[in-house]
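Consider the two complexes below, in which subunit A is the common component and subunit B and subunit C are the respective partners.
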Partner chain A sequence: MSVTLYRIDDRLIHGQVVVGWGQPLNIGFIVLVDDDIACCDWEQDLYRMGVPPEMEIVFTDVKGAISNHAGYVSDKRRGIVVTPDIATMHRLVDGVKTIGDVNVGGIHYKAGRTPRLRYAFLSPEEERELSVIAEHGVRVTAQDVPNARQVSIAELLLSKPVEEKSA
Partner chain B sequence: MTSSLTSPPGESRVSLPATTWLRVFFRLFAVQGSWNYETLLGNGIAFCMEPALRLLPSGRDNPRYAEALARHARYFNAHPYFAGVAVGALARAELDGVSPALIERFRTALGGPLGSVGDRLVWASWLPLCSLLALAAFGYGARPSLVIAIFLGTYNAGHLFLRAWGLRAGFSKGLRVASALGNPILRKGPQVVGSAAALLAGIAIPLAASRVIGNGRFLAAEIILVAMLGGVVFARFGGRVEGWRLSLVILGLFVFFSVIR
Partner chain C sequence: MTSSEPGHDSAEHEDAPRAIVAGHGALPQGLVNAVDCISGCGSVFVALSNFGLAGSDIEGQLREKAAEFGIKVFFTDLPGGSATVAVRRMMRTDPSLVLITGANLSALLEFVFQPDATPADAARHAAEKGRATIVVAGNTAVPASVDAGSK
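Up next is the complex of A and B:
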């Protein structure tokens, strides 16, 4: 399987993805799944500047990602599929039954979200949606960079908010 | 999606007075001063941009001044040395009167690529290169004070240049800043600097080890020659050289050398 990481990260293309995961996994392509960015050239130009010249970046909406998923998997290079939020990954998992693992890599602060990890802030609705993804048989874990500890969904959702832990 | 969100505005004639440039530039050194896990660089970006926002019509009395500060104090992340690109481009957008919805989309799209370019160019390339340059100087016999001066001088020259260039490029390009990030130095730079650092590692590490161990013989010429030959071999066959194969070759050379000596 050439897609080595299915990642939820609201920053999409950034150092942790390109350098942190990209270099040790020898990533050759990144599929950025976002309905809005897929139809916006100037945003694509920006994200394209974030990847090195030797790495291909593919912009697609969820529908396109589902229909082209077999092509990503059969690609000889290793790839990362990244979505900006849990809802987008949920739709992708619903459409591609072969996805076995999903990585929560970065969901940052917004009003209504509770800090679960330093890099994972979740609203009650997002927590429910992650649970639904896991109930589909997908192994959901949180891990920002490869050398960090992998946190299971049970630990992520049952853990006390970060402030309470450090208090 | 409205049409205004699909296309950034074109060139404008907004300019910054020299004092504003200096205020913004010096504030960039404190861009991480209020870093936290909720907003990351957000507060710092708003702080750096504030002198430029005073140039809005009616200055601080304009409601857009407070709205813009609040908007940019929210969550934002980028490499600190490339934050100037964001500060310049976002300040320009605010002064041009770009719609808040488009500015929000733009700042969301801008942070990640600035982080990626910065991580590759600075943390993964420039910092190792400067460290190895200083290590090579140590290996050549430079005094400790000179070694420290070489590291601090080269490293700081790089980040000062990046901060100044980023602010200028961001403000001059505005929402079209992707063209500035497409500069060949930024696109090819990490690879070139990384290769130079790898070559320098081949020179610096043996030289420094030789000085520390003090084997009584200065091997500089041999070490540089071998490192350069190694560089040529990697450049030619780099794609086919894997870790375990390289280890076997080096092990074989050690065995061969121990037999013939």
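Up next is the complex of A and C:
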């Protein structure tokens, strides 16, 4: 399978994704799944500037990601699929039954969210939605960078802020 | 995001902030502290870390500090980093802003010592200096067999 990581990250394309995961995993393409960015050329240019030339970036909405998922999987290069939030990943998982793992990589603070990890703040609704994804048989874990400890969903939802570093 | 007010540990006078240094972890504060150690002019910079913040909050804090000090110049660490993305968003509505990515200590020091230059000129000189001071030392010769094969 050439999609190495299905990641939820509200920063989308940034240092942890491009360098932190991209280099050690030898990532050749990133699929950015976001309904708003998919129809905004300026936003796409913004994120394209942050990706090295040897790495392709594909912009798509959820519908397109579901339709084209088989192509991502059959790609000879290794790829990352990233969504800005849990709801978007939930829609993607609903439409692609073969997704086996989802990574919670960066959901930062905003009002109504409770800190779970230094890089993962969740509202009650988001906690429920993550649980629903897991109930579909998807292995949900939290991990900001490759050499960080992988945190299970059970631990994530029960945890208080822990001493882990995040960019 | 953690931010520091204009940095100065040793200077006897304070220069007005002219640029923001933004990036990952403690790097911004560390760079500004190093500028202060060398030149006593750390107060030229405001340091902002993206630590623990969503992209929209990074942009919000950058806008706030820029407005507070009338700053037009931004140094960031990674071209694809979240602070860089945030500054590029700001540039969309304010074309007078100047961004230097891949900033290092030499670039910042060059900027410090150009107080009378326009933001664009100071930024350009800083970038040139920063690039020029990256030097590889030691034995980096290509092995003879590889070298011969390429001829």
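Assume the second predicted complex is superposed on the first by the 160 of 167 C-alpha atoms of A that agree within 3 Å, B and C clash if a C-alpha of one lies under 4 Å from a C-alpha of the other, contacts with A are read in each partner's own complex, and residues count from 1 in each chain.
Throughout what follows, a contact is a pair of C-beta atoms (placed from the backbone, for glycine too) under 8 Å apart; a residue touches a chain by one contact, two chains touch by 3 or more.
Please read all numbers here as calculations on a predicted model, not as lab measurements.
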Clash-or-fit label for the pair subunit B, subunit C on subunit A: clash
Partner chain(s) touched by A:12 [first = subunit B, second = subunit C, both, neither]: both
Partner chain(s) touched by A:118 [first = subunit B, second = subunit C, both, neither]: both
Per-residue contact with subunit A, leading partner among subunit C and subunit B: B
Which of subunit B and subunit C A:36 touches, first, second, both or neither: first
Touched partner set for A:49, first subunit B, second subunit C, both or neither: both
Touched partner set for A:108, first subunit B, second subunit C, both or neither: both
Of the stretches 56-64, 74-82 or 182-190 belonging to subunit B, the one that collides with subunit C: 74-82
Subunit B and subunit C footprints on subunit A, overlapping residues: 11-15, 18-19, 42, 46-47, 49-52, 108-110, 118-119
Subunit A - residues contacting subunit B, complex: 11-19, 23, 36-37, 39-43, 45-54, 108-110, 115, 118-119, 121, 162
Residues of subunit C touching subunit A in the complex: 24-25, 50-55, 57, 77-82, 84-85, 88-89, 92
Subunit B to subunit A touching residues, read off their complex: 1, 5-8, 37-40, 75, 77, 79, 105, 109-120, 123-124, 175-179, 181-182, 186-188, 190-191
Subunit A - residues contacting subunit C, complex: 10-15, 18-19, 42, 46-47, 49-52, 106, 108-110, 118-119, 165-167
